[in-house]
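So, here come the structures, one by one.
Same chain, two partners: chain A is paired with chain B first, then with chain C.
This part shows the complex of A and B:
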């Protein structure tokens, strides 16, 4: 019985364990490295949020950064100290301007708010498929970006918003990443998740067995928006500052690259892709900063990171289009696997 | 159970069905045969709401089906096993079967039925965790039928269930259908190859160029030249094509 439960939950357990090892090693490492790992965990929350929709529905979204934005600003509205709000966010309605929520409650409210926005824009979007759906989600991002960039009184416009409580460290980020994975794992194995995966393979055949494709997509879209929003919230409360440009093309590109490189077809793909790209990103950043070999100082031009990630994505798309994990989860060790375990 | 009258379907300038009227009674095993392009698949797709007819009437137990979305028609107890089977190849056999219960409200019984199906079709039980796309053609056909049955349909529509199958496998598939029919499921099968269906069906329609060319018991077509006449439209004995 216990073996059976472990077998069923293995795709999630294995990844949670893998991340635990990374976090434990990270906690022993210098602060700089801890910060890199924390950032990677935050990215992972975003990528898993994106995966929940893209991986299960097969519809690529270019718009999820919009929900990072609504999440991060939504949480900031609730947990920035009141006296800072009076300076930067004069336009906030009274019930927000006077409020100072504990960070966790602010985060939950902001996730709910983002889910609500996803519900509203999702109703027409989930009826689209393929390229039309992707372009539609991108339009949502542009709309949200333009609104938040210009709504000076409640977002401080294109200037940075500062004074957010900083509460995100390695273990908070780890906990959120594991929570996001659990949510995505439970969803993909639910009846709705299964129905959505069927529609990913063949929309017509899924309809023919009674799957309500728009409805399943909408549920996934809302859940995924809430998770992605959590990613945005974590990032804002990791840096303590917030800027609309944080949640635009750059993050859209990097999160999609992570998902595509790992493979959109499995939870393990999202995790491995995030890990691989985070690693490459960090190495290239070191090259940009510069290092010395003997007497010569080598410094590579800025922009190398994005360039490197783009090249990796192209190479993966050509040689391994299903991604590093190719839709598979982490295999079960023989001990728990009835088909490979030996008889005692 | 199912009444279709004066059905017209056009794909642009092509008239796929012209004034087709058929009827399927409760508990019947009805076959529709006809050459390639006769409109057989179009007819089935019209019933389940995936093709929109220009005119005519489709009624199920007195309710008009035309204009309703496929999900709703499935929920009324009409299941289609489409041509080429359309199983979800990337998903496992068990997941495919569970998908068959999408429309059911009695979850517990549905779960039990999934297990029962894997006993009824042993090969599906053996491969339950394997990718459905890796099954052989005959196994996929069994999976498609089992999946359709899990929706607990009252009327099962099958589009060329013998397509691409070895004769022995076809025979097995038809045995399954026969058993389902005896258990009370009404069956409507479309086939290009009339041999097997003539043995199984209680009533037969022949469809040619979008029109009905024959309807009646299969015995009436037993003489080969009668079948040729209905099937190909020959007036006299078979003669070579020009």
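This part shows the complex of A and C:
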């Protein structure tokens, strides 16, 4: 029985274990490296949120950064100290301006708020398919960005919002990443998840067996928005500062690159892709900062990171279009099952 | 014509479909009783697939009504018609290529069972029944064409239909496969108790399987009757059998 349970949950357990090892090693490493790993875990929350929708529905979204924005600002409205709110956020309604929520409650409320926004914009969006759907999601991002950039009274506009309680460390980020993976794993194995994956493979045939495609997509879209919002919230409460530019084209590109490089078809793809790109990103950042070989100091030009990631994405798209994991989960060791495990 | 139906039927009346100026279906009627095997034949472009699309909700008719056991289902979405009890296969099969065989079948069942576990159990039964049991865990897109067609039928059966519409189930199959398929379709009717509509170009399959055949041409019904009656019908010979040696 226990073996059976382990076999069923293995795609999730294996990844949780893998991250635990990374986190444990990280906790022994210097602070700089700890911060890099923490940031990677935060990205992972975002990528898994994106995966929950993109991976299961097959509809690529360029708009999920909008929900990082609504999440991060939503949480900030609730948990920034009242003193700071009086300076930066004069336009907040009284019940928000006078209140100071505990960070966990602020995070939950902001995730719910982002889910609600996703529900509203999702109703028309999920009726679109293919490129039209992707462009639709992108326009949501542009709208949210423009609104948050200009609504100075509640967002401080394009200036940074500071004074957020900093509570995110390596272990908080690890816990949230595991929680996000669990949510995505449960969803992809749920009845609705299977119906949605069927529609990803063939929308017409899915309708013919009774799948309500728009409804299934909408549920995934809302859940995915809430998870991605958690990613935004974590980032804001890791840095302690918030700026609208954090949640625009840059993060959209990097999270999509992570998902595509790992493979949109499996949870393991999301995790491996995030790990691989985070690693490359960090190495290239070191090169940009500069290093010395013997007596020569080598410093590569800034912008190398984005360029490097773009090249990697192109190479993957050409030579391994289904991503590093190609839709598979981590195989079960022979101890539990002699045959090879596959994507659920 | 089958006017008095006791056990229930899928009925289409006065159905018309136009694509731009082209009249794909013109005032056509079709009745499929529970437990009946009805063949639908006609030359290419006669409107057979269009009629299946109408019956399964993928094509809205400009005029006409469709009734399922007396209740109108005209204008419902495909997924609603599927849940009401009309399942179909596709000429192009359209499997969920990236999913396993059993997931292909279970995807429809999860919507009709209270748990995923119960759905998987039933999916396995259907696959065993179709002789696909040993391939349950394989990825659908990796299987040969003949298997694909049978998975397509298993998937339609998983929708627990009272009426099953098969769109060219024998296309691209060899003689052995067609023999096995004929037997399977006959058993579907008796063991699942559903009405089966078969659109097919293979005359051997249609003539040996169906007790009633409806022949359409140019979007209209030109003959309806037993295989023997249809084969004798001059209009059919003119429009169809004379031109197509199948």
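As a convention for this text, the second predicted complex is superposed on the first by the 337 of 344 C-alpha atoms of A that agree within 3 Å, B and C clash if a C-alpha of one lies under 4 Å from a C-alpha of the other, contacts with A are read in each partner's own complex, and residues count from 1 in each chain.
Throughout what follows, a residue touches a chain if its C-beta (ideal position, glycine included) is under 8 Å from a C-beta of that chain, and two chains touch if they have at least 3 such contacts.
This is a predicted model, so every value here is computed, not measured.
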item: Side-by-side fit of chain B and chain C on chain A, or clash; value: clash
item: Partner chain(s) touched by A:190 [first = chain B, second = chain C, both, neither]; value: second
item: Touching partner for A:198 - first (chain B), second (chain C), both, neither; value: both
item: Greater residue coverage of chain A in the superposed arrangement, chain B or chain C; value: C
item: Touching partner for A:295 - first (chain B), second (chain C), both, neither; value: neither
item: Which of chain B and chain C A:211 touches, first, second, both or neither; value: both
item: Which of chain B and chain C A:327 touches, first, second, both or neither; value: both
item: Common interface residues of chain A - those touching chain B in one complex and chain C in the other; value: 191, 194-195, 197-198, 201-202, 204-212, 265, 327, 339
item: Contact footprint of chain A on chain B as seen in their complex; value: 48, 50, 69-71, 74-75, 79-80, 82, 86-91, 95, 98-100, 102-103, 129, 147-148, 151
item: Residue ranges of chain A touching chain B (in the complex, touch as defined); value: 191, 194-195, 197-198, 201-202, 204-212, 265, 327, 339
item: Parts of chain C lying in touch with chain A, wherever the complex brings them together; value: 56, 58, 77-79, 82-83, 87-88, 90, 94-100, 103-104, 106-108, 110-112, 115-116, 119, 137, 139, 155-156, 158-159
item: Chain C contact footprint on chain A (complex, rising order); value: 189-191, 194-195, 197-198, 200-202, 204-213, 265, 327, 339, 342-343
